[in-house]
Every structure is written in C-alpha cells, then in structure tokens.
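Okay, got some structures for you below.
Next come two complexes built around chain A: one with chain B, the other with chain C.
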Partner chain A sequence: MTARTPEERHDGHRGRDGHGVPDGGHRPGGAGHPDSPPADGPGPLVGRSVPRKEDPRLLSGRGRFVDDLSEPGMLHAQFVRSTVAHGEVTVLDLDAVRRVPGVVAAFDAADLGLGDITARLHRPPEEFAETAMPVLARRRVRYVGEPLAIVVARDPYAAEDGLEAARVVYEEREPVVDEAAALADGAPLVHAAAARNTLVDVAPFATEGIDDVFAAAHRVVRVEARTGRQNALPLETRGALARWDDRAEQLVLRTCTQVPHQVRTVAAGCLGLDERAVRVVVPDMGGGFGLKCVVGREEIATAAAALRLRRPVKWIEDRKDALTASFLAREQHYDVRAAFAADGRILGLDADIVCDMGAYSCYPFTAGIEPLMAAAELPGVYRVPAYRVRGRAVTTNKAPSAPYRGVSRPQYVMVMERLFERAARELDMDAVELRRRNLITDFPYTGVNNITYDPGSYRESLDLCERTLREEGWYARRDAAAAEGRRLGIGYACFNERTGYGSAAFAQRRMDMVPGYDLAEVRMDPGGAVSVTSGTMSHGQSHETTLAQIAADTLGVALAKVKLHQGDTDRVPYGWGTFASRSVTIGGSAVRLAAERLGEKLRRLAAARWDIPWEETELHRGTVRRRDDPGTAVAYPELAALAHFRAHLLPKGLEPGLTATASFDVFHDGTFSNATHGVVAELDAETGGITLLRYVCVEDCGVAINPQVVEGQCRGGIAQGIAGALFEQITYDERGEPSATGFLDYKVPTAQEIPDITLFHLETPCASNATGAKGVGEGGTIGAPAAVLNAVNDALRATGTELDTLPITPEAVHRALHGA
Partner chain B sequence: MSDHPPDLPLTEPADAGTDPALERQLLVLDVNGAAHEVLCEPRRTLVDVLRHDLGLTGTHVGCEHGVCGACTVLLDGRPVRACLLFAVQAEGAAVRTVESLSDGRELSDLQQAFADHHALQCGFCTPGFLMLAEGFLAERPDAGRTEIRELVAANLCRCTGYQPIVDAIHGCATARRAVRREN
Partner chain C sequence: MKPAAFRYHRARDADGAVRLLAELGEEAKALAGGQSLVAMMAYRLARPRHLVDIGGLRELDRLRTDADGALRVGALTTHHTVERAPDSLLGPGFAVVRETMRWIGHLPIRTRGTAGGSLAHADATAEWCLLAVALDAELHVLGPHGTRRIAAADFFLGPYTTALEPDELLVEIVFPHPAPYAAVTEFAERRGDFALASAAVVLDRDGGTVRGGRVALGGVGPVPLRAAAAERVLADGGTFAECARAAADALPEEGRGAAYRRQLIRTLVRRACEEADAR
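Right, the complex of A and B next:
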C-alpha cells in the first residue's frame, strides 16, 4: 500500500501549482529516467504538467480534422436512410436521385456488392448468436436511420438534394422497441438467427449453495435499476475521406476512428482488397468516447464509392444522423439482490442483467461488450463471497450500441452503491461505514469472480472523500437545510475500474479479434531527434505529450526532441487503438520498453568506442557515459551520425540505423484504478430540479504521467457521468422512432449544469507495467451516476421514496416529493 | 488476391465543380481584415464559405442548428453562429475567425490562458469558445467568474467539464485588468 493522502503531499486541493507527483513512492520499472533531467528542463518530465504539444495548432485553428481535408476533384456523400424501424424494402428507386443537379452517382447494396461486417465471439450457440451487419441494408431494415444507399454529389448541398429524391417503399414489420418486447413470447425476431432476440446469454458465475446463503441471510435487499440510452456524443461527428492512390496501389481512407487498424481490416475484407492495399490515416479527432472505437458502415461505403468512381469521396455525418443513426449505448436493466449479515457483511450477490444492444453487434466487440463487462466485474471493490449472475444482450429495432466511456461500469457501480445504501437503511447503519466493513483492503485479492485485484486505495479514497465533505460542513448544512424544509442530500460512489485489459482479459470474453497488446517503435534520426510510433490513437487524451514524456525521460532527451506518430496504418505497426483506458498503461509501457531498447543500442555503440561491455555504460542527459568515469561521455548526435553515416566504422554485430520496437501486453487480470466520488445535491421542491452544490473526487490512477492531463480526464469524465445521471437520453416511441434528432431534444449539459469539481490524487503505482500508471480515461464517468443518484436519494430520504432509474428527471423527483 | 480494386468499370463521372445551372451570387466578404470575393449559391452558409471557399478551417461545425457553438465567429465584434447565417448576410460586416487571434507563431493571451488551464482536450469546440470569449471580453472586460460561467454555457464542450474553460477566460480577464491598472 503506497497510497498517500494529499495532506502528505501538499495542501490537499490539487491546485494548478501543486499537482506534481512527488518523488519517492514506488515506481516499478521507474517511469522517470533515474538520473537524467532533460537538457532543457529542470527535472524528469514524467509527473510534471508540461504544456501540451497539441495545443498551439488546436488553439490557432490549424488543427486538421477530417472535414478540414480536401482533395482535387473531391465529391461529397450522404446516405439514404431507413425511415421505418423494422421492415422489408420493396422498392428502392434511385433514378430520380441520379437526375438531381450536382448528383454524380447513387449506389445501393446491390450496386456495391460488399462483404458484411461480422463480429464474433467463440461461444456455443446458446451463449452467442452470430449476426451480420451489411454495409448497406439489402432488403431488411432494422432501425430508423439504417443506411440504404450512398449518394455522391459535387457538393454537400447537392448530396442533400439527392437524398430527397430517393423513393423507398417499405413493407413494415412490427418493431421490437424495448427489452420487454424483445423477450416476450412470440415476439417478432429482429434477426432470424437470434432466438428470443437474444444475442448473448451467459451465466459465468453461480456459487454453489448461493440459494442457501440468501435463505439464511439476516437481510436481503433488492435493486431494480434502469439506465437510459445515450449517445457518447463526440462534438466532431463521424466522417471519412477516401481515395484510390494509383501510385501506391492503395485505398487511402482518412477517417476519425479510435481503431485505425481494425478499420483497415474490415475495409479490406468488405472491399476484397489485401490489407496492404488499404491505408487508414487518422487526422486530428474531435473526441470519440467509444463511439469511434467500432467500425462504422458509412466509412466503408464511402471507401467503396471512391473505388467505384475513382474519385475522392468525403462523407461528413450531420448531427441528426450522429444522434439517431450512429452508435448508442448504456440502455440496461438490472435486477440484483444482495444478502447481508446482521453485522453488515455482504454475503452474496445475485444478478440478472439485460442490455438492450439495438439492431446489430458492433465490430470488433460484439453485442457482448456490455453484458460481459457487467457480469465479470459487478462485485467491484467489495468482498463478496457468493455470486450468481446472468448477463444478456438483446437485440431491438434501435440504432446499435457500441462501447461508451466506462462500458457498463457506470451502471453496475450505480447498482452496487444503491444496494449498499439500501442495506444501510434496512440495517440502520451508516452507509459509508457499511461500505468500509466490506471493502477489499488486503491486496492482491482474488474475488468470487476469479479476478485478482492489484493494490488500490479503496478504503483511503472513501475516508478522504467523506472527511472532506464532513470538514467542509456539508453534513451540518444538510441537517440545517432539512430543518428549514429544504432538501439536501449527500451521496457517494466507491469503485474500481479495470484498466489496461491485456490479451488475457479479452481472450476470456472469447472474442474472435483479441485486442490487448500494443507495439511501439522508437527511432532516432541521424541528428539525434526521436520519432515514436504507438498503436494507440489519441482523440483528446494528449498522447502527443504524455507518450513523448515517457520516451523523453527514458532516453534522457528534451521533450522537444520527441515526436509521436499515431493513426497511420502504413507508418505504425498493427495496434489496437485507444479504448478501455489502455493507452498509457499498455501503449505507454510499450513506448518505454522500445525507448529502453534504443537506449541499449546507443550504449552498445558507445561501449564499442571505449572497448568496454555495454552494461558498464549509462544514459545521461542526451549522452552515453562510462559508469566508471562519468566525465567520459559521448552525445547522441555523434552516435546517431555513426549509426547512419559511417556504417563502415560500426562495431561488429551492430546494424546501421537506430530503430527499436517493443510490445507490451498483460497476461494477468490487469491493473485497477479506483476512486470515490462525493456529491452534495439540492432538490427544488417546486420544480423537481436538481442542483449539484459540491463535487469531490478522490482518484487513484497510480503514477500520473501528466497531472494536469489526469485532472482533465477526471473532470471531463465526471461531466459525462453527470450528463447520463441527469440529462441525456434517447427514447423511442412505439413505432421505433427516436425522440431526439437535435440538441434541442437531446439535452447536453452546459457550464451552468456541471459544477466545479475538486480533485484529490492518491497514488498506488501499478506494479505490473513499465510506467506505474493505471488508466484514467473512464473513471470520472463511472463514478458520477452512482454518487449523484445516491445524493438525490439522500435528499429524498424523508419521503420514503427511492429512485433507481437514470436519467433522474425533475418529474421523477417531483413525484417522489409530492406523491403521484 | 489482386492488388487492384475489384469491380472497377472506370465510369467517368461529370467533372467536379458547381453545376452551371445553379443560381449563384458574387459576394464580397471582409474576413480577418481582408476582402474576399466568393461566388456561391444563395443558400450557402457563412461557415461553409469560411471553411470550404476561403480555406479557413479553424472554425468548426458541430450541429448545424445553432446550439453547440463550435462555429462561433465574430460579426462586427459580436459572437454569432456561423452555421445559422447565410454567407450573403455577412456582406458589409467585419468577420473575424480564430485564425485572426494570433500571428501563427505566438499565441494571444486568451489562447495561452486556454493552454495554461488545460481548457481544451480534443480541441474541436475550442475555436468557438475562443471567439465567444474574445467578443465577450471586449464588451465586458470587468466580468467576474459567475458571469463568465454564464457565457461559457452558450457553447458545448464534451471533453473538459467546462471548469477549465471558465478558469481560462477568467484568468485572461483578470490578467488584462492588471495590465490596465498598471498602465
């Protein structure tokens, strides 16, 4: 246990000047180079909030997002989309489209003849139903917004004109619009291959004798919770620009994706090309949050149109399509019971989880993404001795689901934290104290779910969060408010989050495509400057800065001497992109290992000059020096010039050039970040409105490579969690028509709704990777719904009503306060 | 498998460019202090002309219905949504975009404040917030944090949680006031 409280570090509030990671502590593998402050800086870069390399161009309007790119002779595409949720297309007539001024071509599925996008799990048929997602719907349509045809025109306005001229006749089928309808006896089938509209049905854990545990328990509490369907909502919608490059004999597909190599794999497969004949390039990307870590049908169709026409074709999704026809997430239903002993120990957990995954399985994760995550990880930070779970993915006539920041964890953490709050009421115990009695405190801990948790600061984070709110006087203010008839509530969420899933963890899901490892290449040019590639894909996370910090420290060079390259399948070895908070834990470790290997080459070059074993040298501030005589050193540029320009002088056994590659993977259960969120909410009795008065987050992501970036990830994540807790939802009517087609209907919180957030950083370094860092991209989003919901329920405590549904609407609060 | 794309009839599509049959207008726009002639359809929005006719791609498009504010530019000094204006409506006015904030080598104090406060992550909404703040601070140099938070609520950001944006604008305003007092 190496967690430390902020008091040990500085004044506690992680202010802008005080958030450097202190030295000392445990940094397995040593994230900072042992003795090499860069030539241009006062100390190691890791642990410092160095300015972002990304910022100057993004602040000056010189970022290059996909819609900022153009090509000579470029055409513009849009999609004819289904207007019915479920049916057969009996007529798809594009003749009038092709006559619209400015329209160049229109293609339907038959015109393009593309292969399907099929995501697979290697599970028996009773656990997984394989379904295919055609690039363009052939005859059957399964959701409003499903693409039927691509219209290509001289400008985007003409493409829109073209859409209006399409004639589509449907033979409608009864739509399946929710989980209950999907599972009903005799329900219409969304896919013939998915009996009972079930794509995934697993029961991975069932502790022997669990029914006896529940029968004998002092108290059993139950939570039935539902969470709304959300859009991850990157502010940049999806888009792609494709062209055939005759000289390279390659399709060049520039697209905003979190997973460039997976897009290449699918594009090649659907188009019948060798993978080498597809080059996926990712420009600056305006957010993704998971929505862009699956392969989209439209980017493949755009590529196909460019091939057919031998002209560059660009497609930029409009906001309506982004909201209704891209990928959604989070619509889940939990029915969970927890058994407790009289002293407050949790004895067992019995869960039934159903995730409404919409019309198709997303690639490469499949519709299992949500239920498999929830079923594996539900027990979380608590010592749960008995566990039974069934997790299902059902298919409905809605836009398909994809991963969204946190993936199921915002929901199951909310359910667990509701269970503890409810049990505390029934046991007449303090809910924080009840959590304390059940938190995992001895690490490593192997849970009933067969996961081994590495060390974290579960207890410490909870204590610090509660103490902060108590010392700030919120408990007294809550009680004083109650005396005045005002309704204040305090809520917590204590949770962990597996980050850096390696191949082993994904293989447990039995995915056909098993993500996990990452490859990095570090290259030094003849002048001593360093290029780094990583298979990860930044879309706001600051990798250009943080991965460069790691490489620069490892080699002992200035940050300005290091440049990161991502998002070009011709330049970057096969990688898995950015999702699941993997980039710094896994990608960063690969960068560090590759940089170490390059350092070894440099040391070998220098050692040969001195005729000593290379182990007797070390890297120091851009030089290699003798350990026995630190005054004798040779600078990198001299060694780099030797490696490139004077190969005839190279020592025997050393090849010209200075390039090193390394991979990193995790062959155990990964590393777990953790946090506690504390929220104070006030309810408006008249309107049911909810105001967040205070938000405190105590997080532990191990070594913070760049503390300011960590803070940014936490704050932004919390804002998205609040969005799901209080505001955002896409509902569907009985015909399967989505309710939200723009920002007037889909309520994205603004600066007026998101409160200031106080962050504390505890540090339990990861012992099993090369940087000590744990992932931090998703944690904020995971904790917020539970903490907000608990705070609202605390405020409602006098009413006897408890809410378990997200988003928490003012209507629901009003009803709870005033009865039906 | 062939290295060449399959199924290529090599259809020769009509040439790119605008259909001569379409009605077009000749506009003269004053953008970032320079006059630009643009020939475009009357329905073409200001943001499309800025981005695709003039190549000023720093202004972004997030929703095309005037809510997100990614396309915010200054029209005679006031922040406007460039997706809600036709280009023709900007004739006779001075348009300023994010490209005007600095010389491209050194950031302005406002831009630097955004960097210092980590007020941007993906950077897609950032030009809109910068222009919103640039116009606002010119009008309301004495604004406090509460007023600035109300201003920031005009636009959407999905990455930062807004607090750093409020801090950046507030920090910039505070620093400018200090400079004013010294002078």
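Right, the complex of A and C next:
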C-alpha cells in the first residue's frame, strides 16, 4: 500500500492543497505505475491522469444530449399527472385536450394497453410483496405527479396547454404520508397486495444468544436516526426520443439511462415486441446517480406514443417533474442499539431499519434496494461479533424511491459512526481511539454478516485523516474557540463500500434479474485501430478515458488508437450498465480480458509467420515481437491487414477478422473500497448557521486507473453527501403534497457551501480482478453525512444535546444550543 | 414549465411603455430583467397575455447622486451595476445600498435583475424592498397622466402586491437622505437564497453618539416592516442589544418557526446596529 496526495500523482495538475506525504512505509501497489512518464509520452497509461477523452467534446458545447437530438416531424410529449396523493380516478376526460391547438394526440392507459413494469424478488410472501407499476395509472393513483395520460403536441408549449385541458375527477382516499402512518394499525393500504404497507420485511441475521450479550454488556448505547427524502438530481433531467424505423423494423429509443439493456427488456415487454425490435441508444448523459438506473414509466409511454403515431416523439422532463414525479431516495429510520465492553470492544449490534420507498417498487431492483443493502452491510468496517437486524421497505403515497449514489450506506454509516461517538462519550474514551480498537485490521475478514472483506486500509486511513487535522492545528483551534465561546467541532466517518457486486452478491438478494457480470468486445480494424465496446454506461464517470487506458495498456497502443463505444443495444452485445461503482472493477476487467484475447490472436498470427509457439511472443508498443529475439517484430497494421485482406494466407485454425470478447464476473463477496472522512465545522451560536471549515478525505480505491478521475468522483460525491447532510430534502404535507417544486425550495448546495477538500489516496489493490481497481463512484457521498453530523455534534458537545436527524437545519442547531 | 401563450411587445421609451400598458390593460405585464416574472410564467403561476418589454429603455438604466444629496436609481439599473458602482456615483452616504447587493441571488441573477423589477415584484424578503422602507425611499411612477411619487411606506400593500396601477411603470427610486451609518444583514441557509429573515438599520449619529435610528425587518410579515419598538429604544438611548430585543419581542410568538425567527431577528438587528455603528 502506498499513500500520496492526488497532487503528487497528477501530471501537471497540482492542486492548491498540497500537504505532506505521510510516511506509511508501504511499497507502491502492484498494478499502479507511480513513476509514469508524462501523459503524452509513451509507456503505461493506467495510473496516470491522462486528459479526459470526453472533454474536448463536452467542454466546447459539442456534447449531444437527448434534448439536443431532433428528427424530422418530431412531436413533443408531456404527461397529465395526478394532483392527489391517493385516490381513484373516476373521470379522465381527454376530449378537450385533443381539441387544444397544436395537440396531436392524447392517450391514457386504456388507449395504449401497455403491460406493467413489475420488479420481483424470489422471496416468500412474508418477506416480499409483489406489486406492479403501470406505465400510466389506471384507476388508482398513489402519488402526486403519477402519470395518467401522455399528451403529444407539435411543440412543448402546446403539450402543456394540452395538460391544462385535461379533466380529471378523483375520489380521494386518505394518503399514507410517512412510515409511522404506513405501519399504523388500520392504516389505509397503498397496494392491496402489501399488507401493513410493507413491501419487504427481512431478518437475515440473528446471532444466537444476542439478548444475553446485550444483557451482560458493560454499556448499551442507542441511536434513533432519520434521514430526509432526497432527489439524486442529475443536472440533465430524464428524457427520451422514440421513433419507429421501418427499414430496421425496430423501435429506436434514445434515452438517458444508466441501464440500456434493461430499458430494452422493459420496453419490449410492455409494448409486446421482441427485444430485437427495440434498440436503446444513449447519447451523452448529464449525470444519473442511480436515478437513471431504474426504468421509468415515461420513456416507455413515449415509445408507445411514437409507435402508435408512427412519428418521432420526444419527452424532456422539466425540473418540476424531476423533483416531484421522478424517483427519490434516502428516507430512512433506524433504531439501533450497540453493546460495548468496558475496554471499548463492540459486542453486538441490534438494528431495526425501515425505509420509506414511496408508492412503487423500482425496476429491476425492487423496494428491497435500500433495506437489503442496509441489513446486509451495517457492521461495515468494525469487528462486530453479534448481529441482529430487521429491514423493512414500506410503501407510502410519495414518488417512488430508486437507488441513489451510495444506496443506504450514507445512512447506515452515519448510524454506526453515531453509535461510536455516543459510546465514546459514555465510556469516557476518545472516539477515534474507540474506532481503532474495533476496526477490522486482519484480512480477509469474514464478518457476522457472512461477508468476507478483502484487504483495505481501514486503520491507516483513519490514522492519516486524524493526523492531518491534528497537524493542521484544528484540535488546538477547536479548544481555543471554545475558550472564546465559539463552537468548533471535528467529526469523522470510517467506512467501507462493497464495489463491483458480482452475480453472486446480487443473487443473495434473490432478485428476479440478477446483474453482476459484464461483457466487453475489443476489435481491431484492418488499419490497426481499436474499438472497444462495454456493457457499462458512462454518465459522467469518464469511461471513454479510463476503459480506453486499460485497453491501450493491455495491447500496448497509444490512447488515441482506442475508441470506446457504449450505450447502444445493437452495438454492445449485452451489459448491465453502470451503478454500484461496478464499471471499472467489473467492466474494466472485462475490457482487459477481451484485450488480452485480442492480443493472443495477434500473437498467434505473428507466431505462425515465424513458425514458433505463440507463447514465445509478446506485445510491445504496437508490435508483436519474439521473446528470444526482441529485435524481430511485426507491427499491428501488418497483422491486421493479414487478418482482413489476405485471409487466404492465414495459418490453419485461425479465422479472419480481429475481434475478441470476454466477460467478467465476481464469484465471491466482491471488493471493498474504504475511506475516512474528517470534517471541521463551526456553528454560529446565534443563528444556528453551520459552516464547514475543513474537509479531509483519505480514500482507498485500490489502483487508480486515472487519479484525476478518482479525485473528481470523490469531490463530486462529497458535495452530494454534504447536500444530504445540510441542505436537500423533499417533505410532504399531510395531504401528500411535495414541498419542493424548484430550486428555491430544494436547496442544492452551491460552490459557496462546499469547503476546500483535501484528498489522500491510499492504494490497497484489489487482488481478485484484472486491474487492481476498486470502485470509487459512490464513496464521497457515503462518508460525508456521518462526518458532518459528528462534527456538528462535537461542536454541540458542551450542550449535552446530540442531533441524529438529517438534514441538519440551522433551526435544529439553534434549538440544541438554546434548549428551546 | 413552458409559459402559456403571450404576445410580446417592445417599448421604445417609457411613455410608449405606459401607453402600451394602458392600452393592453390588466392582462399586460412589464418585463424588466425577468428574474422573477419569467420563472413564474414557466410555472404558469403568472400568465400575462401581453408582455411589454422595457429592457431596452436605456433612459431608465442610470445611477446618480443629486446636488441635494439624494441618490436616484433608475428602475432598470441592475443589481450588479449598483454593486460595482464607483464612489463617484454612489458616495459614502449610500455605501449601504451598494453593500446590500451582495445578498441578492447569485451573480448571474444580479447581472440581469433590476432595482425596479425587484420593487415592483415586492417579495417580502427582497433586499431592495427592505432598503426602500429603511431608507424612506420615494418611488417615482409614470402613468398615462404623468408622474406620481409614492413613499415606500405606502408602496407595499402585501406579498407581491404594490400600489402600482396596471398602467403604471416604476421609473425611478429616490433615496432622499444619505445614510452613512447604515447596514443590512440577513440569514439564509445558502448564499443567494431569499432570506429567512433580514434586518436593516440606519443610525442617526451625532459624532460618536447614537441619537436614534430606523430599523426595518424583512421576512417577518407580508411586506418589509419598520420596527417601531426597536426604534424607540434607539431614540431613548438604549443599547443595541435592547433595541434588538425590542424588535424581536414585537414579533408574533405563535406559528411554525416563530421562536427561531424571533431569535434570528434579535441577532440580525444587533449585528446590523453594530455594523452600522462601526462605519
């Protein structure tokens, strides 16, 4: 393992926060290339901050997003949406809509006759209630914003005029607006099939004798925590452009999704088409963060309208719908107890987790996405010998939940870190020291949750994070501030994060569709240039650069010779898209393996020419050369021309063409990234205002394929984590009406609210994949809420009050400070 | 979030704009920087059938100080123009006006939004409205029958409601008296948000001694309010802390967030007093 600041790793991109390199005494990791030459020179590309291949296009305004696309004769769609949270539609009259000037058509559920979107878990009925999400609501509406009808018009303005002309009469039902109401005796049911409004109810772990452990413990601490409902908020809202292609006999659906093949499956199923007859194409994407890794109803309805009208139809979600009627996440309630020994060892964990998943199960993950994640992974980085957990998903009359960057981990990490802080107070120990005593340090470690953790730098990241804040003088400043009556606090979060969930890990959730593996194809054209396809789907993560770095290194060609293709179900054989920090760990490994196979084919071609076994050749800088005589080499273009143009000269047993495919999957518990975040916060005692003064993140994602990309993922993730800690929340009133319809009310932090962030990269390479890389897309978001909350609570220490609810508002801080 | 259909008119001069407004009646709205109106139209919360674009009227984009010491702000002066105004245009007597601009939205909003647009929109927490009340501004309004002057105290009738008639155009804001010892402060969760609460304090100082002053509050009522009790404390020689307490104590105790808002006002008034006094 080795530790560096990103500044030192970057080639010509020095940050402004240069801090000392800790002397960890570790050797550089195996697969990285710390002594790489400059980005434009020859040599290995992996491990270097080569400039993003996407940037010339995206930074000069030449990116093409769904809303930039148009077709001759294209129409524009919008949706008539429910204005009540819960009710029966007794009248849905679209006649007046159809008479609005510019409106071409309006369809309701009956007009389109589409199949439902149904996500399934293979679990017994007491653990999982199967519910269907219709593309357009039929009689029953379950949240404000639920789509009832699609209006198609010659321009977006006329489409909205059409919406206003719809006549909808509701017979309102009592809405179920929160978890407590959902679980109350005699509560109205959101779905008839979900008794007690419970979609998922699992108790996967219950260590024998755990009650005795708690009874005999020196201390038992309890944390009851709640976190607010958030929107993942990609800057690009959802959207789709669909048209029927007569020649291809295909519906072409261009949409911004993280999971193109899964959208194809649902579109084909709902529309009654063969999957072959649906082509999903994804142009440039402006973010997704999980919200776009589920299949939405609107893109299917848009496709259906295009099919019906035989005209191109575009739908672009506006911000109001994006905030209120797309997918939300993160509204959870934890009631957790932890037992501790007198020496600070944690002895047991007993958790009850309820996730408010809103009105429907998302496809393909189901409403189990949040509770199953939390229940499986709560113990995290700590050696917890006894564990009992119940995890539930409840359904309410709110917009449904989907995965959002980190999925439950920002919440349960916050709960674990609160437990340690609280225990430290009760045991009168230093909270950092208490963590040290309980961190997993011997790997592989198999936890009480039956997960085997691969090596990480849990202890080292905490040590470095604390040392950094200490050496910068924040502890002294905190004490000096307290003497002046000011309130500074320091908070930490230690966590790990399973990245690269393979089929085995997803199968444990018993999903009907089991994601996990991915496919890659690497092809060399007759001139020696390389095309790579991957089943992953970059929506801002720089795959065009990082996956190309992997392919270019494997084949020994320049980065400019490699082009990545994603997001076209006709071009990519198959794939599971991008989510759960899987792309570089799994997709990158598949690219590496496919490139190795192509390399083998090149070596076989060259070996035949020299009449030697192919194993006695090697790839070197765009050539195949003899191992016994490195001066004898043949360049790729010559081999490529042979494979394509002179097939009659091919040696026996070798087919024409230069294409190789490979898949990669993880057959164990996956690989765990880890990090420690440290935050310094100051409270304004008079207003309750919260200012973050300092942010230090020490992350370990194994081999960083491109350190600059890793840094970008961390910084963006931390900003999103801070958003959940301090700012963003969609609340619902007693009628189930959402509070935020725009950015006035949905308080996204701006650059002015995000502090300077210093990043350190530790490197414990992944031993079980082809690149040594672990995932890093989500970690920033996971650590921030816990670290921020702990810092605020540290600043509140003198008051004796602790906050356990997110987002932390100035009003709550003020109340804590003044006891009002 | 696409506006309902409207007809667009472009005025050549202020008189022409008023003629258009008179002709088009209640269904017309004047469009200045568009920072509030266009967003409300996108949500279809506002649906004027006619927009009279006054954005090109250079005659209303001006900023000057009179010989008698009054500051005159043309209605189409952007927040950013005021924020960047040199001392020669905006002397020390009105530094508070310039410094208040930093509280308004973000830079892109300030480069488009105008003083007159903000006042005519009349959000209860808007900085221009608070300044107008605190500095006793006079609003010059052009109508079909000429100009009339409305005191700020009479201009704001309620949230988003002013004394402007549909065929009248706010053309100029006049701050009659320099206020060298004045400050505005506010609190919001994010920089650039509408304030949860705001306070403006104008001290009447004789040498080093405070003789009295004006205190105005934003975000605590339907319009910016003068805090009479707090002003009495200042006139009676009370401390800034006492003044702040009086401002807070006069606010309602009931209602969601009321206790916190009272605390905020108490803090903000005291801080504004101290800042004004430190000039």
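Quick notes on this one:
Here is the rule we use: the second predicted complex is superposed on the first by the 779 of 820 C-alpha atoms of A that agree within 3 Å, B and C clash if a C-alpha of one lies under 4 Å from a C-alpha of the other, contacts with A are read in each partner's own complex, and residues count from 1 in each chain.
Definition applied: a residue touches a chain if its C-beta (ideal position, glycine included) is under 8 Å from a C-beta of that chain, and two chains touch if they have at least 3 such contacts.
Everything numeric in this text was worked out from a predicted model, so none of it was measured.
By the document's definition of touching, both partners, chain B and chain C, reach A:Tyr157. Of the two partner chains placed around the shared chain by superposition, neither chain B nor chain C is touched by A:Thr90. Within the superposed three-chain model, A:His814 lies in touch with chain C and out of touch with chain B [touch as defined at top]. Judged by the number of chain A residues each one touches, B leads among chain B and chain C. Contact with neither chain B nor chain C is seen for A:Asn450 once the two complexes are overlaid on the shared chain. Of the two partner chains placed by the overlay, chain B and chain C both lie in contact with A:Asp318.
In the superposition on chain A, contact is made by A:Gln752 with both chain B and chain C. In the superposition on chain A, contact is made by A:Gln708 with chain B only, not with chain C. With both structures placed on the common chain, the touch criterion links A:Ser542 to chain B but leaves chain C unconnected. By the document's definition of touching, both partners, chain B and chain C, reach A:Leu744. According to the touch criterion, the shared surface of chain A, contacted by chain B in one complex and chain C in the other, consists of residues 156-157, 318-319, 742, 744, 750, 752. Interface residues of chain A, counted against chain B in their complex, comprise 16, 49, 51-52, 54-56, 58-65, 67-68, 70, 72-75, 101-102, 104-105, 113, 154-158, 233-237, 244, 249, 251, 271-274, 276-277, 284-287, 289, 307-311, 318-319, 539-542, 708-709, 711-712, 715-720, 742-744, 748, 750-752, 754, 756-757.
Against chain C, the residues of chain A that register as touching in their complex are 156-157, 159-161, 164, 318-320, 686-689, 726-727, 741-742, 744, 747, 749-750, 752-753, 809-811, 814-815, 818, 820.
Partner chain A is touched in their complex by these residues of chain C: 1-5, 39, 43-44, 106, 187, 189-194, 257, 259-260, 263-264, 267.
Looking at the complex, you find that chain B touches chain A at residues 1, 3-11, 13-19, 21-22, 41, 43-44, 48, 51-52, 56-65, 67-68, 70, 97-99, 101-102, 104, 107, 111, 114-118, 120-127, 130, 149-150, 152-166.
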